[in-house]
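Two complexes follow with chain A in common, the first pairing it with chain B and the second with chain C.
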Partner chain A sequence: MTAPVAERAKEKLSSDPAPVAGASKAEKLVKPKANRPKLNSRLYTLGSVLVVVVLAGLWQLVGIIDTREVRPGQPFFPGWQIVLTDTVTGLADYWRGGLGVESVSAGGERTYIGGLLAIVSHGWDTMMRIIAGLLIGAVIGSLVALVVSGSVWGRRLFAMPTAFLRTFPLLGLIPMFQLWFGTAFAGAVTFIAVAVGVIFFTGVVNAVANVDAIYVQNAKTLGARPIRTYVTVVLPSILPEMRSTIQLSLAMAWTAAIASEFVGAQSGLGYIVTHARYFGFVDRMFLIGIVVVIMASLTYYLVSRVTKRLVVWMPDAQG
Partner chain B sequence: MTAVTENHKTTEQVENSGPVHGAELVATNVNKVYSRAGQKFHAVEDVSVTIKPGEFVCIVGPSGCGKSTMMNMATGLLEPTDGELALDGEPIRGPSPDRGLVFQKDSVFPWMKVIDNVTYGLKCRGVPKEERMSIARKFLAEVNLTHVEKSWPKELSGGMLKRVAIATAFSNAPKLLLMDEPFASVDYVTRLQLQKTVLDLWAEHRLTVMFVTHDVDEALTLADRIIVMTNGRVVDDRRVAAERPRRLEALSTPTMLEHKASMLQHLGLPTEGGA
Partner chain C sequence: MAAVKAGESTTAASEKATHGAAPKSPGRQNPVLRVVKASDPLALAGMIIILAAWYVVTEQGWVRPVFLPAPEQVFRFAEAHFLESRLVQTQNLGDGGILENLIYTTTSVWLAVLLAIIVAVPIGLASARVQFLRMFSDPSLLTLGAVPVLILMPFFLVWFGVSRNGQLLLLVLVAVPIIYVYAQRAVTNLDPVYAQSALVLGVGRVRLIKDVYLRGTLPEILGGVRIALAGSWSIAAIAELMGAPQGMGRLISTFAANTNITGIFATILILAIVATLTDITLKAVFMFANRWGSVNK
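For the complex of A and B:
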């Protein structure tokens, strides 16, 4: 990205409008940016696709070289010829019936449709837990943080517990949460919310501490009262840092969701993985892993796109 | 790259017109002690000055002599360790829109477009939208920034940002305007133009201005009165009676050269020959 940035900087310099010059120059300054990054991003996309293809090829290669099996017919490293066929139909085991497709346990056949429905329905369950957990955790974590960092005493009192919470191995507490809130929806959501809430809390507290004092002072000398200062100065200036907090919490939400489904859950992608493990279905675990990667990447992409709008004002906004 | 526009009202036309809007600033035995790395540091020492309503005062002094500290105390952002500052007899406690500050560092909010920055103070005070837009546009025009009204601050140069800050401060119609080295990062020609802009605005609105600068010539161009500070103390306080507008030639009259020589002496510079 260095070359285009340098070039853009040049454009800026040369079209820096003289104070008296008319409006046209200032507008030119914005326009030429549009095309070049597009071409670049296409190149990057192509590159990423290539990397994915190479990785997939490597996986196949490992499967060819190492032919050991967990049990007869179940290779340690199942190639794509298995993962994209038998594995998909095998996942039909986890479809609970409906939509005209009978479940396997009720006598239905293992079909691609059944497999896909299983992936979608369990993926949906996981997704709902993540969304609920993320929202609850983000809102509560941020609100508590804003209240705490709004006062000097709050900041002092919470400095230590905050640092402590950040390093706390929350994942180890999954069983406790399940005892408290059950293994179904509520347990998983609460757990995700707590994990995400901790990240948001520490993220917001830190971001608020990093707000440049000059902006707060400027607002005050212009006549802004504390609440307006908080809303119009502190909140926008923590947004860039909050973007990375959101990404971080998203990663945490996925980890927390899958992990909580490993223990005791009756649905969700993590549940399939645990179940597959009992029977040594490496291929199923592998395929679910890929589904998780794709879904997580999609959520990353969506969140990063949506939040990018909040920081268009940032100098050298990352494209 | 910059041309001085001719469409400003000239200083002569508006000087002494209209009521004085500015307030009187009185500093009484003001002290500021910082503790730096466990050690006490006397940044401002026993400063007492009275600045009259509508006066244009420049503060000159070497780096670190306490100019910004003085300004921040006058704004109310910083409390004196000892002594008191008052505006029109009212003790200064905390910031107020009556006392505007153009900061030494960049203070323009990067997350607001230029126009929203300029209207910010007006919005805080509940000025209706139409009115605040027209006020802001007027001052943006005064600093020649009409064409970037809708731009993000990141799209402006350092000097342009300074002008946004100036327009913002003026829009808020303070009774005392504090300017802390506002033109330090501005090229020479733009600086001359901005000096004219500030003088025009000052003459028109008749507010009290305290203007910090390193530049003795700038002080002589702008001020009714120049206060020289070194090591936290006022070491010189003089009136500059020269007529306005002061063009470049005005700086080389015998009186001005005398002012300059004796100020430089106060600043610790040995003057060769003198005037």
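For the complex of A and C:
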């Protein structure tokens, strides 16, 4: 009801943005805070530290209050005194031997070195799958999307399949991928690549559709051929929007990797979690969970640093 | 670019002003009708082409049925097992058929997103204004959005057992960061000119919140809800695959154990269709909420 009124008033106001005299109570809601879109980075750091400390403390507290056990000796909520000691040495079970540290199954001792080696080697497996899947999926997904979006007809034809793909419950198809490509490296990488490829495909198709028509028209007016317009005008202008696609696909790659390791894969961080769950080792699940959170946050941070360059040319880029 | 956009919007606004009295402005139309009108007949053709390709590939025997079952096979399976199915019943997945499991999964997803809205929207809206809240909500929720929350599912299975609770909690944790970010952005993106002009026209505090802030942020929040919902179906499926009393994911895992490829395809396609229909419905709601047009999407 008030919307059209506001619309008309907006026109009037935009020509004269001088502040109105006589600030009412309601106006205080609007004015002073309007120029505060971003959080002070110092506050952010302080908040992060406090959140981490509180969460870590809460975990300990829950462990003290709730002393139930999954099976004798394996608590529901293992405190830090367990997670940082026995859990690390326990993870040595997942080290397959080498580098002078014998595997536990071959009669080796459970040592801190063995546990750390297990975390690093399985983390490496997960990471390699993610990187390979991301690269393959990003390249193929983008290429297919660019071909499809090359013409208006292609864009119109593929609009509905793209919308269908966007909501497609792909993670439910893991068993199919394992039947098709096996549970080893290839199966996991293909699955991640497809999951990432879908995001890149829908992202690029959308980005091309969103390119401001004025850029393309301008190039055409100046006499650029369609292909040249596509390469020199459309491609650069979709890059800023690709940033969120890249971030989205990174999160998806992690989820897909963990999912494929939960269901079938024989190595990787997700594999340790599933294996530990069968034996009720909540402490091992917990430590690996923390490793996953740290690794995922690091990759996210790195990617967001690197991709910041994509939006540099935008006049009102939002970091 | 900004100048061009501003110019465009003023011409659009003046056009609106001259035609404002017309009884059938696009905003008054039935939202469903608007979506139907906005959809393209060629889009349907794209869907048909893909179905035709699937049919040809399997009919010609280029792909073995073990890898890709024929479309009519999948359709017949879905039809036979939709309402009532011995196959489903003997696996302890309810007294009905695929439909019962579909309802289970759909309920989980919708309920979880609804809970996420209740949690995330107030925090998101408030965090755009209250720095003290934001210094805690930003680090925790943005990190939650960046890490694979799926890693929590095995914990929930240990703590809650095989029940709906763990799945719901997981889905809520996936949806909350997304909706939070959109709600927060909705406030920061809302042009202060709307509030200012409303004040000039003399509205009070209550009407300012109701007619400007709520109305102004709703479209962008709904956009976030749409994105959260789109991702939720996948998470629901994998969560059920890992352990649930019933649901489409459980169905897939039992079919996979019996290498019933046709069953897996039927299940995933039915779920995908429901997911798409939900998305289309939400898009209609979005267009209705955005009929005054602050967000161009």
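Following the convention adopted for this analysis, the second predicted complex is superposed on the first by the 273 of 319 C-alpha atoms of A that agree within 3 Å, B and C clash if a C-alpha of one lies under 4 Å from a C-alpha of the other, contacts with A are read in each partner's own complex, and residues count from 1 in each chain.
Assume contacts are C-beta pairs under 8 Å (C-beta built on N, C-alpha and C of every residue); 3 or more make two chains touch, one makes a residue touch a chain.
The model shown is predicted, which means the values in this text are computed figures rather than measured ones.
Touch criterion met: A:Pro236 reaches chain B, while chain C stays clear of it.
Once the two complexes are overlaid on the shared chain, A:Trp254 sits against chain C while remaining clear of chain B.
Once the two complexes are overlaid on the shared chain, A:Thr221 sits against chain B while remaining clear of chain C. Looking at the shared chain after the overlay, A:Leu43 reaches chain C, while chain B stays out of its contact range. By the touch criterion stated above, A:Ala193 is placed in contact with neither chain B nor chain C.
By the touch criterion defined above, A:Ile272 reaches neither chain B nor chain C. Chain A has more of its residues touched by C than by the other of chain B and chain C.
In the superposition on chain A, the residues of chain A touched by chain B in one structure and by chain C in the other are 12, 17, 20, 25-26, 29-30, 214, 315-316.
Residue ranges on chain B touching chain A, taken from their complex, read 1-3, 5, 75-77, 94-97, 99-101, 103, 105-112, 120-121, 124-125, 143-148, 151-155, 157, 160, 163, 168, 172, 190, 193. Listed in rising order, the residues of chain A touching chain C in the complex are 1-14, 17, 20, 24-27, 29-31, 33-34, 36-37, 39-40, 43-44, 46-48, 50-51, 55, 70, 76, 153, 156-161, 163-164, 166-176, 178-180, 212, 214, 251, 254-255, 257-259, 262-263, 270, 273-274, 277, 280, 282, 285-286, 289, 292-293, 296-297, 300, 315-316.
By the touch criterion stated above, chain A contacts chain B in their complex at residues 12, 16-23, 25-26, 29-30, 214-215, 217-225, 228, 232-233, 236-237, 239, 312-316. Residues of chain C touching chain A in their complex: 1-2, 4, 10, 13-14, 16-17, 20, 40, 42-47, 49-50, 66-67, 129, 131, 134-136, 138-140, 143, 145-155, 157-159, 188, 191-201, 203-205, 207-209, 211-212, 215, 229-230, 233-238, 240-242, 248-249, 252-253, 255-256, 259, 261, 264, 267-268, 271-272, 275-276, 278-280, 292.
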